[in-house]
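Here is the structure we will look at.
Chain IDs A, B, C and D follow the sequence of writing; residue 1 opens each chain.
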Amino acid sequence: MPDQNGASNGARELTYAEALREGLRQIMAQDERVFLIGEDVGVYGGAFGVSAGLRDEFGGERVIDTPISEAGIAGACIGSALTGMRPVGEIQFMDFITISMEQLVLQAAKIRFMFGGKATVPMVLRTPAGSGTGAAAQHSESLENWFVHVPGLKVVMPSSPYDAKGLLLSAIQDDNPVIFVEHKLLYRTKGNVPEEMYTIPLSQANVVRKGEHLTVVATSIMVRRALEAADILAQEGIEIEIIDPRTLMPLDEKPIIESVKKTGKAMVVHEAVKTGGYGGEIVSRIVESEAFGYLEAPVRRLAGLDIPIPYNRTLEVNTVPQVQSIVDEARKLVNGQY
Amino acid sequence: MQPVAVDELQKRGISTEYALELLTKMMQIRAFEEKAEELFALGRVHGTMHLSIGQEASAVGLSSALDSRDYLLNTHRGHGHCLAWYGSSPDLMMAEFMGKEAGYCRGRGGSMHIANVDTNNLGANGIVGGGLPISVGVGLTIKLRKTDQVAVAVFGDGGANTGAFHESVNMASIWKLPVIYFCENNQYAMSMAFQRAFNIEHISDRAVGYGIKGITVDGNDLLQVHDAAVEAVARARAGEGPTLIESVTYRWKGHSKSDKQAYRTRDEVKEWQEKDPIRRFSAFLGMSDAERDDMQAKARQRIEEAVTFSENSPEPDVAHIMEGVYA
Amino acid sequence: MQPVAVDELQKRGISTEYALELLTKMMQIRAFEEKAEELFALGRVHGTMHLSIGQEASAVGLSSALDSRDYLLNTHRGHGHCLAWYGSSPDLMMAEFMGKEAGYCRGRGGSMHIANVDTNNLGANGIVGGGLPISVGVGLTIKLRKTDQVAVAVFGDGGANTGAFHESVNMASIWKLPVIYFCENNQYAMSMAFQRAFNIEHISDRAVGYGIKGITVDGNDLLQVHDAAVEAVARARAGEGPTLIESVTYRWKGHSKSDKQAYRTRDEVKEWQEKDPIRRFSAFLGMSDAERDDMQAKARQRIEEAVTFSENSPEPDVAHIMEGVYA
Amino acid sequence: MPDQNGASNGARELTYAEALREGLRQIMAQDERVFLIGEDVGVYGGAFGVSAGLRDEFGGERVIDTPISEAGIAGACIGSALTGMRPVGEIQFMDFITISMEQLVLQAAKIRFMFGGKATVPMVLRTPAGSGTGAAAQHSESLENWFVHVPGLKVVMPSSPYDAKGLLLSAIQDDNPVIFVEHKLLYRTKGNVPEEMYTIPLSQANVVRKGEHLTVVATSIMVRRALEAADILAQEGIEIEIIDPRTLMPLDEKPIIESVKKTGKAMVVHEAVKTGGYGGEIVSRIVESEAFGYLEAPVRRLAGLDIPIPYNRTLEVNTVPQVQSIVDEARKLVNGQY
């Protein structure tokens, strides 16, 4: 597997959106079972431009614009996957996945099990989550934990361009339905991305930064914010270890538990609403594990407020964790203030 | 056989043997479901079930127009379509119904989820309308692969009021997918009468809204169903897109095992029982009552064998409970 | 005024003053949206917005048939309907658009969620088709209370392909709810052309599938929209149930702030700009260009005042961020 | 508030279903804004008989049978609630609520907030969850944690006939959208229910049984199973304290935290799939609180396996916690085996 930092491996700077697009283009060129389907994924290139140009390249038969029919999009993926294709669907905003729930949860996730393990549903449903664009409550949802709670689905959330491409290619080649959650504010962020068709295995967590004082489990854009926070904290002598699960379900919990055994302290950071969220899963995995005996402080969740995302820019920013709130929370935890 | 029957069958290229095979299918369906009901009454099966007794011509008429390359998306009331499907085994169906390891789904699915992907039977569905969006995907596979297959999505009158119906039929229409939308209007969605749930006379009228062909047939007349299906199949294979077929029929039994049927009268049920699709087709073929009863007895015998097969099959092992969630 | 206009207005019981008021509304909508675009370009507003420039006759024609007792369920492209609604204030709308505490929603909702429940404006909706199921409930309230109110649910051509549309219109039909389904077919759902998303000529053809009246009107002709709405309102108030109105129009601007419009030609846009509903109605009223421009300038002035009002309104206080989630 | 055990207050034995029905009947007689809407709630009386007879009593205008349109049912509730009614919707099986998600999550939950706090959506959506009836994967879901994760919604899960009636009446009188999750296997269970129209406040947890050795937080049918387990454990000298949150969101966490401070040990029991479930929320609330310092053992979750519900009866029973598994887990925790 090429390295994220290895320019020698032909890595160049790409944005997260470009990395995704490159992955899509490469696999479509290689595997004719792969096709794209979703609202405005064609000429428009997708609401966030991820599939820009792909319709020109692969034609309207393989880059399919749909009517506004999110249940239909999910079903189109399920039915084609069940009969041998490898569809990549797009739900324009994660909020609208609420309309696909029956298909995803009662069909895609369960078909294999209900059919006695005799069918496969190799589909990927890409969707952008998160706030920060001023699009308010119905265009800013972070619903990943719903899918984590559905056996049969895999849930992937890349936090960097490198991960985005490698995980997307793995997801498409995986034989299970994968909910692939992107983040709107990450699309334009840049990073090194090898040109070749590399994959990053699903269910493999990534220790993004090493540290001794506190384990920070962060997902999606919170990984970036945690990295920024780490720099600030380092100036105060606080070294946080940042772990990005990348695949939320099935979770690779071992690096997290090992880390907590080392640091004795842990916090989870995610954008989604705190109550009922993924943080609870991580906290529980830590507390239920052998790491429990090593804990020197409560495990804390830093997450979105329990409110819908407000429109007003200041309110919006204050609804979800920012670099400064990570710094503050980490400092408190490390300094024994909880 | 009566001359008119010979004529009618010949016109359609249906041999006498094949006609008898179709009748046998209907009778096996009837026998399977009667047995299912009995097993429930005896407490030998748990869960629930949805019997299609009275609707057999609809299932068999439809499958008679399809062949082994085609795909089926079935409903909760799906025993009939499943048995009518090419290559289906009453043994493996009954074993599934009885929750056994030898069942089509290793006892994990049960009555509402019987599937056999090997024969393109993509499964019954516990969700009303649940198979409809999936049919769009199956249609896309066919279109992308440029084969001449057809997918048929079966649903009830109730299913025609789901949002899934609307999105799916529209998508199939605009992309001219080879999908047949086969609506079994058996007059009720559970307790909700067709007349109360629709403000139209024929569900097939909805085809207008999607720019596709819609047709209503007498679902208790095997040949009428067959004809409509043949036409729809031809349209689909020719790349002319989907058809909406409304097959008007009636379920004789309650919605599921626990239904007091307060929403309909006994007279109404009786009236429809007189339109028994099996008697109708056997009479059409010129069979005597005795001949028919004899054939029905054989069908029952076949189902008894399926029960014996199932009884001899082991229960799933709890040690393997986590299997089959992920590939 | 031209005699034909006098005649036409009189026939409908529309006074000259009222006609001018309607024209003013259209102009204020245009001015509001031009201003919105400008504020965006200047970076003074964040988020996104959906402009209805070119569709003003549709909004004003519809509201002209309703009155203060009636209910509105609006869409993402809803500035026009909101401004056209009885008792609406450009000041409070603009304040909301600018995210201010004085806005209709205290800056929590923004462009896509402007509502004023006090005047029965039940809100714009960020979800395509999102207001349609809600309209069923509003219709039920009216029916249960036995008032003579009407609810109108506005949606786009895209909205007509959502499952929500199907379930909602069917429910409204079977229960004869006083709801008007008002579909603004502006030729595109984002980049998806009407012709690609539908296999029918008129969205109003879908009415057949629900057993209700469907009608297609020129949505750039205020009086045509008015007439269709008046008829639908009469039907609804008389307890005769819903109507599906398709108002054929066009959006001049991109779908939202970031739309390269690669899916359509400039010529097409120009063609439709020649059908400007404002010029059309002002010409119909016999106005000179100068008179019209003068009136439009006044409308712009009114919107400038709204901007000033909004600028003077405070930002929401972060200390109150948790407010309004639960009652 | 009358007492659950006070026959003196006119309490008699009713089933859970009867208790719900009595509550519905009483409030419908009193408040004409209340009406019922759902599939087969009329003549059929609802799939589990909860509304049996109510159509005869209140007529088809107030007990409304719908087509199979779960998004429509949710919308009918939202729209009528928004305009002054107090609808009680029914989703026939909780699984089908997947079709109502857009309306519930993006509309019902958010309308008040998005409208600046200027609207109310006083609706109740009743729905039966859970396995145990042999109805397999698409008719056995326990999805409560999805709704816990949605600010603006309240989530109520009664575990006894007494709670069922009192909580339902509170939910109907509450000005917020309430997801009211019943359990199929509880419908026929019996308990004392006062005849009068009492209410049990939402967001008030119930200490169902007192004990010193272990805090067991259980929901819905698991409360009954925990009570049975407690009897068995008591014979071994293990006294568990059982707490039923009753309202999962907003949660009354205080009694839980107080209890853990006393017992030093805690476990959560729910039927829903463990991963991503409500257990994580409870574990986190405990670990984040002052109870953390009192913990003598890891906090454990006992929950449904991470699989869809299988059809086969033996597999089905083994998928979710039963009395014996609660006994086993509690014993291990108390005996320091974790």
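Assume a contact is a pair of C-beta atoms (placed from the backbone, for glycine too) under 8 Å apart; a residue touches a chain by one contact, two chains touch by 3 or more.
Everything numeric here is computed off the predicted structure, so don't read it as measured data.
Chemist: Going by the average position of its CA atoms, which chain sits the greatest distance from chain B?
Modeler: C
Chemist: State the pair with the higher C-beta contact count; candidates are B-D and A-B.
Modeler: A-B
Chemist: Taking the mean of the CA coordinates per chain, how far is chain B from chain C in Å?
Modeler: That pair's centroid distance is 45 Å.
Chemist: Could you give the separation in Å between the centres of chain B and chain D, each centre being the mean of its C-alpha atoms?
Modeler: 37
Chemist: Please compute the C-alpha centroid of chain A, do the same for chain D, then give the distance between them in whole Å.
Modeler: 31
Chemist: Taking the mean of the C-alpha atoms as each chain's centre, how many Å separate chain A from chain B?
Modeler: The separation of the two C-alpha centroids amounts to 41 Å.
Chemist: Got the chain A residues that touch at least 2 other chains?
Modeler: 66-67, 69, 71, 95-96, 99, 102, 106, 113-114, 136-138, 151-152, 305-308, 310
Chemist: Which chain C residues touch at least two other chains?
Modeler: 105, 107-109, 113, 125-127, 130, 161-164, 167, 170, 174, 196-198, 325
Chemist: Would you pull the chain D residues touching chain C in the complex into a rising list?
Modeler: Those in contact with chain C are residues 35, 37, 61-62, 64, 66-67, 69, 71-72, 74-85, 87, 102-103, 106-107, 111-120, 122, 151-152, 154, 174-176, 250.
Chemist: Which positions of chain A touch chain C when the two form their complex?
Modeler: On the chain A side, the touching residues are 39-40, 42-44, 47, 65-69, 71, 95-96, 99, 133-139, 305-308, 310-315, 318-319.
Chemist: Please output the residues of chain C touching chain B within their complex, sorted ascending.
Modeler: It comes out as residues 161-167, 170, 173-174, 196-200, 205-206, 208-212, 241.
Chemist: Considering only the defined contacts, which chain B positions touch chain D in the complex?
Modeler: 46-48, 99-100, 105, 107-113, 125-130, 158-159, 161-163, 189-192, 196-198, 259-260, 262-263, 315-316, 318, 321-322, 325
Chemist: Can you list the residues on chain D that touch chain A in the complex?
Modeler: 95-96, 98-99, 101-102, 105-106, 109-110, 113-114, 136-138, 141, 143, 145-152, 249, 251, 272-273, 275-281, 283-284, 287-289, 292, 298-301, 305-308, 310-311, 338
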